[in-house]
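The chains carry the letters A, B, C, D, E, F and G, assigned in the order they are written, with residues numbered from 1 in each.
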Amino acid sequence: MDIVMYVLLGLGLLFFTGGTLGLIRLPDVYSRLHMAGKIDTMGSISLIAALFLHEIETFDMAHLLVGLKILLVLFFQFLASPTACHAMVNACLRAGLAPWVKDGQRSDP
Amino acid sequence: MTGQLPILTIAPLLFGAFAVTAGRFLFRRANYAVASLALAASFAASVLLAIQILTHGPAIYFVGGWPPPVGISYVADPLSALMLAFVSGAALCTFLASKSEIETSYPLKNSAFYALFLLAVAGHMGIVVTGDAFNLYVLIEVAALSGYAILAQGRERAMLSSLNYLFVGSLGASLYLLGVGYLYIMTGSLNMADLSAIIGRLTPDGLSGSTALAAAWGVILAGLFVKMGLFPFHSWLPAAYSFSAAPAAALVAPLTTKVMAYVLVRMILSVFTPDAAWGVPAINTLILVLATAAILYGSFCALAQRSLRKMLCFILLSEVGYMVGGAFLGNRAGLTGTIYHIFADLLMTLCLFLVAANIERGTGGRFSDMGGLFRRMPVTAAALVLGAASMIGVPPFCGFFSKWYLLSGAIAAESYAFAGALVISSLVNAVLFFRIFEIGFFGAPPDHTGQADQAEPAGESGHGHPGPIPFFRDEMPPARLAPLCLVAASLVVMGLLTGQIVRLVVDPILPPGLG
Amino acid sequence: MDHVFLYSAVFISLLMLVSLYRTAAGPTTLDRLMGANAMGTKTTVLILFLGTAFGRLEMFVDIALAYAMLNFISVLAASRYVLKRGLADRP
Amino acid sequence: MHELLAEFGNKFHYYGYFAIMMIGLYAMIAKTNLLKKCIGLGIFQTAIMLFYVSIGAKEGAGIPILDPAVGTADPAAYANPLPHVLMLTAIVVSVATLGVALALVQNIHRDHGTLEEDEILQRLRGK
Amino acid sequence: MDATVIASAVATLPSFGSVAPFLAVMAPLCAIPGMVLAGAADSPNRREAWTFLAAVTSFLLVVTMLPAVLAGNRVEYVVAHVLPGAPLAFAVDGPGLLFALVASFLWIVTSIYSVGYMRGLSEHAQTRYFAFFAVSVSAALGVALAANLFTLYLFYEILSLATYPLVTHHQDAEGRSSGRRYLAYILGGSIALALPAMIAVYDLSGTLAFTPGGVLPPGLGSLAVGCLLFAFVFGFAKAAVMPMHAWLPAAMVAPTPVSALLHAVAVVKVGVFSVYRAVTGILGTGYLSSLNLGDILVWVCVFTMIAASVVALTQDGLKRRLAYSTIGQLAYVVLGVALLVPRGDTGGLLHIAMHACGKITLFFCAGAIFVATGEKYVSRMGGLGRRMPFTFAAFAVGALSIIGVPLTAGFVSKWQILLAAAETSRYGVVAALCVSSLLSAAYFLPVVIRAFFGQAPDDPALVGHKTRRDKKIPAAGMREAPLWCVVPPVVTALLVLALFWWPDVLLRLAGAQP
Amino acid sequence: MKRLALFTVILAGVLFAATASEFPRLGDPDSAPSRHLSPAYIQGSLPQTHTPNFVTAVLGDYRGFDTMFETAVVFLAGMSCFFILRALRRRGLTEVYYYRHKPTGVVLAMLAPRRISPRTSCFERIDADWTPQDMVVETMCLFMVPFIQVFALYVIAHGHYSPGGGFQGGVLLAASFILVGLSRDLRTVESLLTEKTAILTAAAGVCLYAGTGLLALFFGGNFLDYGAYASFFGAAVPAARSMGILIVEIGVALTVMATLVTIYKLVSSRGTVEEGL
Amino acid sequence: MILEIKIAMLVLVIVCAVASITIKDLLGAAVVFGTYSFMMCLLWVSMAAVDVAFTEATIGAGISTVLMIAAVFRTTRRTKD
């Protein structure tokens, strides 16, 4: 159990780091959104899952309830974060932001 | 039920406000009646409370049944009881006097205005009577927030002025909050009486012993000065009060600065003791300089104005200087003068702002429109004369006595600059008002030419007087004049009752050893 | 055990500092929005982790839950803005 | 020097709050855009709230909710709840103020077509 | 309020006798609603009935206090305890009663005259005129009967404000500028000088009650007391001591009864009376003489006296000439007070009464002339005396009194002042008084002489001169003003003569040693 | 100007910083605030009010008066926004309403007085700057709304035992409505919570609070003294206080929800409550 | 350990504050102001003020930012400073 938790924790932190780096380094909105939307969501979900595992280690009613709530957090995070990303991409596209293309070439859509 | 009077002064206003709000959808026609009923009930309770306090001594009301340091308390001493009566009375008068004005100024939004008005009054009354430093902040915000809203309707610039007022007012309130935070961090208490005791223990020999407490005092002062518009922080005041619609200005202008000055006095008396509050000579001197500057600045700016309400706003600035300066003269007479002036100035500004509202309605607020005022609106003009005489400081009007105490305090404190500023401001007030009287007495109304031919033959007198404008031509209906006359008469009554007020109200709350 | 979460929390807050760069400097509004969203996501996690540090996780879960539910409202609002008004500075 | 550093370490948060407060104040004084002023006001108020809440902090104390596991209420074990209450109120007040300010800002924009204070004043003077 | 307080309050309730001063002051005020209502109902007779009623009541109330005061008592009444040590209170002593008698009696006469004058000229806003006239008289009575400086100041200020609509009665440009000057001097002086001085006194001594010998604590420097003296003398600008005199000629634009009231009864006398009260009751003669402050004041007065008389010589307008004469004569009163001896006080106070009777006669005459002929200038009054013999006879009596010729009342008071000056060995002052009398003879007698013995101006342009009333000066025959305008000056002229023979009561009131 | 402002601000900052020297360090357990008043609250909360959450106890009971005025401030803000912003009269502009024919997607523009009945099913009213709602976003948001509301109710009711209470619950409720507004349009919100209902609810919320306080007078207590209700509830005084706190929290929640929704509606539509963000 | 988080948060808060008043785009400023309130919430959590943090979380995330954006939507996002 602990090992799973540590793995999840490490994975989450890794995802977060990657997401943040991607957020900083990637060249345009779409690619950054890619990182922020997917990797960050993944990272947070892993971390919350790790916390869930930690919480239900001592298995009783109270902790189970809290664990349930943590799962709810995870669930809503899982719903909300991609939705937000989707909304952003949608807005971007409709606003007419052209995707970045290497070397400045523009491929016709 | 008499034990519950302190809360009954405010409860009608709260419930009235909610009832009026709901009444927008349920009983629209009765709304005005409901609102005035609430104000009247509150006024009645305040008067009863004042009588009770003056006969039986101060009372402390535990809100929620919790004793003071733990819970919030209401302190009804002679000063706050009388102030309550004044505030609610002033609000009632304004409200009764400006019924038609409200209905035309805020079409379709009457009930919202009533609700805001009632809550503003409730806020001001709460400020007066509360005994808890933080509760005071909340009430300041209640009072101010409704003020921002009702001052926003008016001429083109009203919105911007009101927004500026909002910024400055929130800044002032936040500074006050910060000062209370300083006090809290040093003492751990929020109740005023408790604070006073702890501060006395922490710094037995004056505030200069503790940087943090002195800073607390400084920050609270800064916040209050911003809220009341003392000289360097004044820029919001004339704009906010002169562009708004008349009823809002008539409510907010007399109350806010006075209530803030009251808070200042309260702070000096009940939170810091006078000895401690005056214990930092540098602060005293600085504030006296500011007050003097405020008086002079307000007076001379008022000279430059061309409309009545704007002029009154600048006079208000100099009156703020009176009150602040008097509180920091560091002697009994000065503080007495400040306290008395709070009451007197409340009545005077109320009277004059009501007059201004009437004149704006009847002839137009600019000086050039006021020709023949004494014939066109004799009652209003008479009230103007009374208010002006009081502002100038003619006995037996109440303005004279506050000036008396302030001057004697200034002379006793050997603060001759302040005394000089007081005298100069009186003279400037005389000039200001007699300028209006001259226009009203000698000038012809702008539309006089149309009236000339149908008037009685002018040859009767042969002198150059402006000719026969019909008496009462532009006078307001009696419903608007009655409260005004009441207020104007109260200027004299209060002047004659000065001895009683000082003996029954001011003396008991000043510490006995105060020199 | 709890220390692990605390160290992770510190690490995450450092990451937030980094992603603040995108929020503060991002060339377009959407970049800022993205940064804000990323920080909001991390905030949810941080609240939970801090809860473990206080040893009263059950009290912090509610906050995190509220956060998870509401975090995207502002993103949604801003993207609605962009949808209706476009990215450029068009009145 | 060391003492100074220690002093700074003990009080760093106060300096931080004052810095935030001054940032807000600067925005309120120097910015001409009305919405920026609103933001500045919000920042200013938040700094004061931070100041208050930090008063309530207590080393080794938990959140101000009674732990049923402990049962008895030991004042040293819980943070001071009073500043939290006060700041709850203050937050509400600041939101209320923000709402009113935004309403005013909108009306000003409707009347004048701009949010820059200096431009509005210029327009008003021009009339 | 516990029972004992109420009981003691009941015990100290004033008897009627002591309420009299309060009632005397209130009587004119009480009549105002009646006047206004009658005026609104367009019934001038009823309005003037109210005026007479108030005047007579007021006078009778003042007279009722006479026996008590002559017996050496003070009639006291406290209206309100406004300030500690300075209640709103009345206390009647000899000088106060003297002034009150003069004011209330002359109000009756002036009322009669006003009716004639205002109706004769069909002035506008007569209701306003009578109402403010009543307020002014009430205020003057208040000043006379005040028990302390605060009460005095109160009525002084009320008087300042109440006379403004009277001065500017015509509501024209001239009135506007005169009113402005009037208020600037009077209000400015009282607020900027008298009020601070009063507060300083209050601060020093804790009381403002008029006390023989003054209330100031001992040990003040001459600079401090000098400043106070200066502030009072110039602050009470109604006393018109130069250089605070300029309002007086300006205020001549008012209708003549107002000028009469202003110059003879209420305003200027209130000024000098206030100075008297301040010097004797507040600062204290002993204090002043020990610091030699009287001298300065004496010389200021002497200068005012001479200078005003000289200026009066150059004035052609009759009312303006009278105004400068007033300035000079007021200086007599202040001079008498400034001599700082009891006889000086007596002389000064007597001069208030005597000059009032004389000067009011002169003003009544000036008004009568104006009503009858529309003439205002001395140079065009030649021969008028033959057409208006009663008027000019009265004028002559008044003029003689002002000059101080024996057999007229003015002599009595001037004599006292002269004696006082001689008593204090100020022979320069004696000489100045004589010079001043000569000067007043020089500016008054030509008027009388020209009126009786001069030729009517034969310049056709002058004869046909169109006055503002569009009346031509009638060529010949006796054309007096209406009876209402002629009786009052004759009455006051007779009074002037009578007071020479029977000045006892006034002398006693003014504190003369028998 | 900016230089001056910067200078002033820095000066003020330095002055403020100089005043911090006497303050206790962060988290000092011996500081005055920690010793003076807070023990009373911490120790008294459970026995006196049956509320483990000290903050709720202080907020609802010990300093309930503050909270009442805080609620009043919220209400006031709503009324102020209404008063300032609400456009009750058409300002002479010809208003155009757009209707979309659902089956074909054709958009009709109609001048103000004329309108298509909202009951017609094949037309829907759309905003002037209409952009079709994104299906994903709309579905997800509407899916979350009931959860948020249930959670909000939980927060209100559970405020005695965990963080939360009327204010937070009210805000959550308001946020759920705003979410509806963002994912659909403002008219949907208006139909769910009309202006009239909102204002009445806000007033009712504060009335509930203040009325609870005032009613205590008739039970012989002071204003806001819920202990006076002990006989009414048939419970001990602390339990009555706990009940009282719950009641006022509900009042707060009602007011906050209604007011914030109103403000949002007004601000996002510039007072017309027709077309929002 | 929490101290470090506090310091980090304080720095974040200050940076956010500076950013939100310097960004020359009101929409961006509103968004950054929202971030500011997230950070504030964290700071409060780290100071054990859970109720305040809860309020700030709901207000900052749910209401005030949306209100700000709505206001910008109804006015303009252009600004000179």
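List of remarks:
Note that in this section a residue touches a chain if its C-beta (ideal position, glycine included) is under 8 Å from a C-beta of that chain, and two chains touch if they have at least 3 such contacts.
Being a predicted model, the structure only gives us computed values, none of them experimental.
Seen from the Cα centre of subunit D, the chain whose own Cα centre is farthest off is E. The interface with the greater number of C-beta contacts, when C-D is set against D-F, is D-F.
With respect to subunit A, maximal separation of chain centres occurs for E (centres as means of Cα atoms).
Separation between the centroids of subunit C and subunit F, computed from CA atoms only, is 23 Å. Once the centre of each chain is set as its mean CA position, subunit E and subunit G turn out to be 77 Å apart. Centre-to-centre spacing of subunit B and subunit F amounts to 32 Å, using the average Cα coordinate of each chain.
Here the CA centre of subunit A is 58 Å from the CA centre of subunit B.
Contacts with at least two other chains are made by no residue of subunit E. Multi-chain contact residues of subunit G, defined as those touching 2 or more other chains: 30, 48, 50-51, 53-55, 58-59, 62-63, 66-67, 69-74, 76, 78.
Along subunit D, residues 12-13, 19, 21, 25-26, 30, 54-58, 61-65, 82-86, 88-89, 92-93, 95-97, 99-100, 102, 104-107 each make contact with two or more other chains. The full set of touching chain pairs reads A-C, A-F, B-D, B-E, B-F, C-D, C-F, C-G, D-F, D-G, F-G. Those residues of subunit A lying in contact with subunit F across their complex are 76, 79-80, 83, 86-87, 90, 94.
Of all residues in subunit C, those touching subunit A in their complex are 1, 4-5, 8, 11-12, 15, 18-19, 21-22, 28, 30-31, 33-35, 37-38, 41-42, 44-45, 48-49, 52, 57-58, 61-62, 64-65, 68-69, 71-72, 75-76, 79-80, 82-83, 86-88. Of all residues in subunit F, those touching subunit A in their complex are 131, 134, 136-137, 140-141, 143-144, 147. The part of subunit D that touches subunit F in the complex is made up of residues 7, 10-15, 18-19, 21-22, 25-26, 29-30, 54-61, 63-66, 68, 73-76, 78, 80-86, 88-89, 92-93, 95-97, 99-100, 102-104, 106-107, 110.
If you check the complex, the residues on subunit D that touch subunit B are 21, 25, 28, 34, 37, 41, 44-45, 48, 51-52, 55, 82-83, 86, 89-90, 93, 96-97, 100-101, 104-105, 107-108, 111, 117, 120-121, 124, 127.
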